[in-house]
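Have a look at the structure below before the remarks.
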Amino acid sequence: MAARQRVAEHLNAALGAALAADDRLYLLGQDITDPYGGAFKITRGLSTRFPRQVVATPISEAGLVGIANGLALAGNRAIVEMMFADFVTLAFDQIVNFAAKSVSMYGQRLPMPVVVRCPTGGRRGYGPTHSQSLQKHFLGVPDLDVYEISPFHDCADLFTGVLGRGVPALVFEDKVLYTGLRRPPGTADDLFRYDLVGPWPGTAVVRIAGIDPPDCVLITPGGVAERALVAMRELLISREITCELYVPARLDRTALEPILPAAARAGQVVIVEDGTAGGTWAADLAHQLHTALWGQLRGPVRVVSAADGVVPAAAHLEEEVLVQAGTISATVQRGHR
Amino acid sequence: MAARQRVAEHLNAALGAALAADDRLYLLGQDITDPYGGAFKITRGLSTRFPRQVVATPISEAGLVGIANGLALAGNRAIVEMMFADFVTLAFDQIVNFAAKSVSMYGQRLPMPVVVRCPTGGRRGYGPTHSQSLQKHFLGVPDLDVYEISPFHDCADLFTGVLGRGVPALVFEDKVLYTGLRRPPGTADDLFRYDLVGPWPGTAVVRIAGIDPPDCVLITPGGVAERALVAMRELLISREITCELYVPARLDRTALEPILPAAARAGQVVIVEDGTAGGTWAADLAHQLHTALWGQLRGPVRVVSAADGVVPAAAHLEEEVLVQAGTISATVQRGHR
Amino acid sequence: MNPDDLRMMLLIRHFELALLDLFARGEVHGTTHTCLGQEAVPVALSPLLDPDDFVFSNHRGHGHYLARFDDPAGLLAEILGRDGAVSGGVGGSQHLRRGRHLSTGVQGESLPVAAGTALHLARSEPGRLACVYVGDGTWGEGAVYEALNMAALWRLPLLVAVEHNGIAQSTPTGAAMAGTIAGRAAAFGVEHLHVDATGPGVSVPRDALTGPVERVRRGAGPLVVEFATRRAGPHSKGDDPRPADELDRLRAEDWYARLDGPEFDRLDAEQRARVAAVVRDVTARPPATGRAAAEVEQWQPVSV
Amino acid sequence: MNPDDLRMMLLIRHFELALLDLFARGEVHGTTHTCLGQEAVPVALSPLLDPDDFVFSNHRGHGHYLARFDDPAGLLAEILGRDGAVSGGVGGSQHLRRGRHLSTGVQGESLPVAAGTALHLARSEPGRLACVYVGDGTWGEGAVYEALNMAALWRLPLLVAVEHNGIAQSTPTGAAMAGTIAGRAAAFGVEHLHVDATGPGVSVPRDALTGPVERVRRGAGPLVVEFATRRAGPHSKGDDPRPADELDRLRAEDWYARLDGPEFDRLDAEQRARVAAVVRDVTARPPATGRAAAEVEQWQPVSV
């Protein structure tokens, strides 16, 4: 792994490794072939290296997920790129009613190794139909996994594992993360270090060694992690409040065990997610934590979500709606006594 | 209102009243015209009475919601019937990315009075792609409301209110409820009475007058209410455990206020929903209750959902997966000391 | 008619009649869509299919399954939720899978999926094809066109078997389809073949299919076969709003009403008895286990 | 060319060039798709539209908006998130609404919506139509066909204006479309008209449109107009993987390169200056408020 690798490059390398390792793996999507290499350039070079496996499709989101489903039925594997996560709405039926159902509804376990990659989130000024965080809409479907990449997790490991499970999955990828740097193993930044703990695909625990218990446990998906890091730094330096950050790569059925001990010791938990409140990952996790840590928390688990509105295109309006590092640190402070 | 009216007849009358009251209201769906009158016969007679307003469409779920969206843009209102809620997955984009977004994304409030009716749930042996409870997938979208009918709520009032809000909405209708009876105002059955409380469209509170506090507060959407009633009766008669049942008609942004006082007094809350766990209405509500009732509950809010699997076609297999009255009473008993 | 073909036509017929009878007696939980009147379509087509071709069936799929596997017991067990069920009782009437034969209940959904399997076959198993059954009404679904476009672009071995019975649930084709199936195939540069499957015979339709299907296997690209057929029964259990005179006409024109003679009577009695035995057998079985029948589960492609 | 038409062509051209320039200078947050080379389509079409017709525009919609409303300041304010923005800065480049003119960024989504407005117009405002702009690549979306089918079935006054520029983002039409647009219209029994909009002139295309558009208004049913056009610029900000010689050819054939003379120079300078003034004006404005500009918000249909 390159010393300082952008997440986009990392994803590109991970996809390349997956294609090289398995010639029955297909990569499908719009405008993903060279020289264009995809709207976010994640697939750049791959069609040149794997011309048979990389298939550019028409603008047919439902259709192309259907193609992937068919490839999987026939014993292949498929990774699909949505150009923007927002368009996965068009493939909802293929994902939920075909891919996920097929795994079990015929009275046999049928492997359906189909991965739908979804560039997600705002902060790029693309406007209301190109900036959503739709993860929550796919939670809790039997035999459908939901993941989100982070600067800490190894995407090669993630894709290998997801494909190996034989269960269809969505992998959300924060668009802003693409241009950010992967964190080298162990080192989140100059202040914080991180470990991957718990069951595959692992939960990244970001902390300062030796501080225990932390004042607060933060839990975020990968896309929010950078903002959480900024908040943690600020809280530590300006307020002497210590946080431990947990970043699971799996959003459906997020493993609780890695989080519970620190959450119990800290007694204070804040979960942060992109996207609007209502039927979300964070609320569900908060409910689980309330249950698992009954009697051990100093106050209710707090959830930070985006404001209840569309994601505006103009930067200053967008900023008001989306979760910022400042939102996170203010929330942590409010719970601190 | 007829003395003993089936919910299907009640819905039919409510739609008829809505069409009669507003000649700019359209009703759209597959096979909804006479003599067929819809797969569940909810629209029977309406195309004969309102031939201009009732439009049968091809089998094009995305397309027909799009038609409804266009009608709304042009100053009309539209109620759309999905033949089965499962197919609303095909219209996810039209609902979330067009109807809901249009309300605010142009910098003005744009009324989009579009209601998508979704016959939902299992217990009819239709198999995995015709039995889902997909309510949760539509929660937490700005300017998209989610409702569920119940044997207690007046659907004429519901449709009038929903259309009047000018916000697109889904109305889920439990298929088993169709053939059940509407509860006459005030009377749930020979044992329990009910009131509608709280902000429109109201939360039905089902209880035995004079028992306060109850041992447990139950909260369910309309489709689960009948099973909850059976459980309450059994708990009362066989175990002398008293429950108070809250049935909100609105699932997104469910009003907490009507529930909080009794929940605080009982100290025990069980929320029951159809559909699998994960990112659900019940979990979200549980999190909100944990927060609002911090320090006032005797134990964590418990959530009952369907088992983590598809809804099988065979009756005995389906029964194992779905929430039964027995599941509810067993859960309440486990929390009772 | 070739006695084997007639046997299969009759097996499907008596299977479906037995099912409606079981329904009327309240012995079926859920729903089912019979293919009464449409038997000739799968009977004509199935012998042209390779065991390792993919077949995507739909809600009205009993005939598709029976003509391919001659397994009335497994199918009935699935519909009744009894032991030995094709899909273990999980899927029910609309969700059958046996190896590369698979049905689903969401209209239009399987066309892109079939195209995906055809992409696989074109590349890794040349000579095989993916066949997808689809009704006339299902041409309302956008997925159909997304699939046709990709199948044509990539010259995939996709055989779209359209069962044009003139109706979708309660909707006559003319009220739901502008233009024609032929025009829709032409729109994508896809070959279209019209086959009359309304008669009792299956050899004429089969002969008409043989060459074109072979060309699909040899890489000529997708083919849309439009079978003219008739739905002689209700949409599902008993829902048929068509006027009485139309139903009378359908019954009079139904292939079953047009056949007679001692050979027919013999085979008819034989298949009726066979189905009756299957009904007796299956209704006496214990409940389905949730696991597909053993012979279904053990399926392996002949070669991959 | 009629000076007003040329003025509008040049306004759009200079607007789009100014935008790319602002992008290059880092003054635009987000993305935008310019319609360089395609100006003639909306300029030819817009005068045939009634103020109360519905128009559905798409991601490449600046020309559609400018040709209809001559409001470069409101549009630029929207793209830059400044005061006076058409959609208050909420929508951005791809999400404009002004009365019955509306754009969205999800391909194909607006066709059924347009058909819905056409259903309304047919019944309540006869003589008006719904026009929907759509690119060649967007014919990959199933929604297009669901809409065409219903529009044809119900003979709706729907005008589908196809901007066939031979490419979708990076994908040449031939790699994404089997068959032709003409064939796809024919599939639904929908009238199709081919109009060459590659030249600098707009009166020939406009004349070709006049009769057919009038027929749509009079209830003849939907019409698909296929405009041959060229995308002379990148897909969005700067992404254009087409080979250099193709880009050279496009630039040489571009209408702007093919016009000259004193009248052209005069109008060219005039519109360039107009756009420069708009840029100065808008970039000096305070941030957008999130509310649509007053004149946009006050829109009312002429009569309903």
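Residue numbering begins at 1 within each chain, and the chains themselves are lettered A, B, C and D in the order written.
The definition used in the following text is that contacts are C-beta pairs under 8 Å (C-beta built on N, C-alpha and C of every residue); 3 or more make two chains touch, one makes a residue touch a chain.
Keep in mind it's a predicted model, so treat the numbers as computed, not measured.
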If a chain touches subunit A and subunit C alike, it appears here: B, D
Smallest count of steps, each to a touching chain, taking subunit B to subunit D: 1
Farthest chain relative to subunit A (centres taken as mean CA coordinates): C
Intercentroid distance (Cα basis), subunit B paired with subunit A, Å: 31
Distance from the mean Cα position of subunit C to that of subunit B, given in whole angstrom: 36
Mean-CA-position distance for subunit D and subunit C (Å): 45
Two or more partner chains touched - positions in subunit D: 85, 89-91, 95, 104, 106, 139-143, 146, 149, 153, 175-177, 288, 290
Touching two or more other chains - residues of subunit B: 57-58, 60, 62-63, 86-87, 90, 93, 97, 101, 104-105, 127-129, 310, 312
Chain contact topology (line, ring, star, complete or other): complete
Subunit C contact footprint on subunit D (complex, rising order): 139-146, 148-149, 152-153, 175-180, 183-184, 186-190
Sites on subunit A touched by subunit C in the complex: 52, 55, 57-58, 60, 62-76, 93-94, 97-98, 101-102, 104-108, 110
Contacting residues of subunit D [partner subunit B, same complex]: 54, 85-91, 95-97, 100, 102, 104, 106, 109-121, 123-124, 130, 142-143, 146-147, 149-150, 153, 288, 290-292, 296-297, 304
Residues of subunit A touching subunit B in the complex: 62, 86-87, 89-90, 92-93, 96-97, 101, 104-105, 127-129, 134, 136-143, 252-253, 275-281, 283-284, 286-288, 290-291, 294, 299-303, 308-310, 312
Partner subunit C, residues of subunit B touching it in the complex: 30-31, 33, 35-36, 39, 56-63, 86-87, 90, 124-130, 310, 312-317
